[in-house]
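Both complexes below contain chain A, partnered by chain B and then by chain C.
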Partner chain A sequence: MILSPGKRTLEKLILTCTFLFMTACPVVAADTAGNVCVQCHGTLPGRLGEPVAQWRGSIHAANGIFCNGCHGGDPNDSANAMSPARGFLGVPKENAIPAFCGRCHVGVLQSYQASAHATAQGKEKPHCVTCHSNHHVVKASLDLINEKSCGRCHSYDVARQIKEAMAGVETRIGMTEQRIATFKGKGTDTSRLEQRLFAGRNRFHSLAHVVDVNLITKNTAEINAELDAIDGALEDFSKLEGKKKIIGAAAIVIVLAAAALLAMYRRTYD
Partner chain B sequence: MSIMRRIFRWLDVRIGAGEIIEKELTGYLLPPNINIWYSMGSILLFLFALQVVTGMLLLVYYVPDADKAFTSVTAIMNRVPFGWLIRLCHVIGSNMMVLILFFHMLSVLFMGSYKKPRELNWLSGFILFLLVMSLTLTGYLLPWSQLSFWATTVTTNSVGVIPFVGQYLVEFLRGGVLVGPPTLGRFFALHVAVLPAAVALMVGVHLFLLKRVGISAPPFGCAETKNTWQGESYRYEAHPGGIPFFPDYLLQDLTSIAVCMACFFALLFFDPSIFFPKDAFIPADQFRTPEHIKPEWYFLANYQTLKLFPSEIIGLAVQGVAILFLALLPFIDRGAERHPLKRPLFLLLSIGGIMVWIGLSIWGHYS
Partner chain C sequence: MGVDDRRKFLAYCLGGIAAVAAAGIIYPLFRYLSPLSSQLESSKVTIPEGAVREGEANFFQYAGSAAVLVHHPGGALVALSAVCTHMGCIVQWQKDRQEFFCPCHGGRYTSDGAVISGPPPRPLPKLPFAVANGIITVG
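Moving on, here comes the complex of A and B:
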């Protein structure tokens, strides 16, 4: 929606007043302190405020991606927060959504552009928001492929085949992620493994956007090989832990034996 | 003559080594009914030495810079040969030191060893207790993890409720309005230089007082359990017919240290992450507040107390009064009786106090 200069000035005035009121209030959420987009829109009713509530439960919020991460603008300056001079992009048009999201999700965009979804004839092509929604974007999983969602546009048969082909790898990625988190929680440097898993998961998720069963089957073999390598590295960590426990058990036996000997030796002085 | 005897003879004729050994070791007699609780001090000395050595080794690789601290600690844990062992020894050692310190203080309390003429022994020990707590608090920030950053933010925030000077104190501690790189610099200096030097000094004072006043006999297994000192003149409490410190009680000390080390190794090798919540391995991020930040186990009761009162200043004041009461206990409890079973009010208050502390700690953990 393009606003006339007069309406834009009015909107800025309302937002500025709201911001000034908000900063006077003592309670401001710690994670959004200083972000004028969240502070102002969070208090607005209807379609201007709803995105904030939706965003709060999203994967973007969990990873610290604020409004300006997608819509541009200056989150530190209430007067110029929505100024095009500060890079404010506003709401993208329907056909510009893939490129809008694809600025960050580059691999996914490439896969999507080559897919039947992007090359479909007709005006209403499915795009990112069709399946992922706009502001309440949750962590991507195969649950997004379901009869209710896919059935809005076409039969579920092909989608089911894609889901089945990907299900094994999805489960494996989840398990590997948990194992990495366990070692990380013990102080093990898992950053390289996390990066490899992140790359593998991205590739996997990009694959989902190709919507081609044969291509998915071929590529999942390569992703499985990468997961094998990560699991191998985790297995090395497990073996090292086992060795440490053996050394620890020996150390405990030695000091307890020393304690017993010292106690017996002391008795000889009684 | 063996080489060792020749070295001893060489030293003896120059500095009178034989006389020192006779006076301080073999001739230093301890109460005949001395018990295992008297070895807590030796365990604490051993653990403090361990903390100093492992701390020095950590200093070789640790970088006290907000941009590099977390990475350097990760490198110590993963890439420096035996770095994991050194760091875990330091972390587990600090927790064990606090635990043994509690045991040491409780044994002194229950055996009435804080009573006159040992008021200064208790006071110097209490200052040591506060210094050790400060060491653990300042050391907590150094890894610059989410846990370090936010725990320090919460702790330093508490100081802000003190009337009039609170905010100045907060900024003084943090080196700014918020916890940041200047805070790390300050806490690092306190942790590696100021506080260890203060602890070493107070250990010296504590041991000097112990040597001057003499070791108190336990009130168990003897007919007379009352304090006999009337305060008329200085008196060294000797124990004629007692057991020599060397080799008898030193062997008991070494046995206790060995048992303590068995527990230490059990934690180190079988549950090394017991003192590390998940946030301890995530780098500090001032823009992301973790969901639950809890202090170490020994501060859980303080943490829960602060939450119990409607105003933080009341919570802090209650704790301040409790600490002051404990610090001045020898001047408040002036009765001559030392046996705990013959001091019902003391027994009631102390057991009640311990139960409340444990209860608050458990509540704080699960809250």
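Moving on, here comes the complex of A and C:
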């Protein structure tokens, strides 16, 4: 079929837009399409399908951790997806949950095992899911420590003290994270600072699982020193940004001056 | 001022601007291509050879990041970045296993920095070092 020049232009425009859209699409959406766990369970009703919807809004989904990341199995083979031979673990028993999550969150597990939560006497010890939920795991924040949640098992007094001890550092971490995101949005390479902040936050949050106010207070100075170093690097970015603005303005002035001088030079030949 | 003088003056001015523009292009290129000798010199770290016993690891700060020097049981030394290549946490030394372990997501590395298991996508980067007169100089 021979297309008219106008239609050809339209065709090119559509192809270009499609290419740009596809390259800008989130990776998670593309990966989900090939994941048999999500494909099958996502269509099921009730308790077999709910985890998929909950997982979609989780930090695991945001970071590309799929069902097999925790439950094992083969997400590329529907016939053997839940085969123990392919590493399928299924749902852990209640008392096995800390070890189940702790395969990846090892630092948190170490801290938890030293905590009053893990060493509590009685049948029902609080574990990861008690506070973080199972499939809808969101980014950990101080909002997880609240009277309603902690009050299910004990008084809120100690939990309040822990929250207050963590609040200052947590606020600083949030502010630093925003500053890094601002620079990242402007095209600055912030990957190293993001890593340093992640490492610092992770260490601080892991320690919080010991649920010991003294330990948190003791480590506050250390994490603050790390945040100071990150803030220093961000200040350097600010200074560099200021310099770039001055250089940019100077370049514009020079170009305008050159254009004016060139026009005058040309006139000398008239 | 005659036309020739005027033309000459304007040519000088344009030449000056062209020189400034050329410098503005060449200087960043020169800075990018020239070695960072002063920066590297200031980031060098010296450790006495006897400070790291066989089978142990000594952590230190190098160029603003955590680094580690390992003394293998055979006597060989290796200097590595101690920053996990997964998400940037600081790895820990497990003496009994002679391995590095990341407390954030369980990444494991050999004492040479090679990935054993877990999410790290790359080995721990090796750092240059030299031993002279009982002093180990990293960097």
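To be clear about the criterion, the second predicted complex is superposed on the first by the 228 of 270 C-alpha atoms of A that agree within 3 Å, B and C clash if a C-alpha of one lies under 4 Å from a C-alpha of the other, contacts with A are read in each partner's own complex, and residues count from 1 in each chain.
Definition applied: contacts are C-beta pairs under 8 Å (C-beta built on N, C-alpha and C of every residue); 3 or more make two chains touch, one makes a residue touch a chain.
All values reported here derive from a predicted model rather than from experimental measurement.
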{"item": "Which superposed partner A:R196 touches (first chain B, second chain C, both, neither)", "value": "second"}
{"item": "Contacts of A:G107 with chain B and chain C, given as first, second, both or neither", "value": "second"}
{"item": "Which of chain B and chain C A:A258 touches, first, second, both or neither", "value": "both"}
{"item": "Set of chain A residues, in rising order, touched by both chain B and chain C", "value": "247, 251, 258, 262, 265"}
{"item": "Chain B residues touching chain A - in the complex, by the definition given at the top", "value": "74-75, 77-79, 84, 243, 247-248, 251-252, 254-255, 258-259, 261-262, 265-266, 268-270, 272-273, 276, 278, 280-281, 287-289"}
{"item": "Chain C-facing residues of chain A, complex", "value": "103-107, 110, 192, 194-196, 198-199, 202-203, 206, 229, 247, 251, 254, 257-258, 261-262, 264-265, 268"}
{"item": "Touching residues on chain A, where the partner in the complex is chain B", "value": "30-31, 64, 184-189, 244-245, 247-249, 251-252, 255-256, 258-259, 262-263, 265-266, 269"}
{"item": "Residues on chain C engaged by chain A in the complex (per definition of touch)", "value": "3, 6-7, 10-11, 13-14, 17-18, 20-21, 24, 64-65, 83, 87-90, 101-106, 119"}
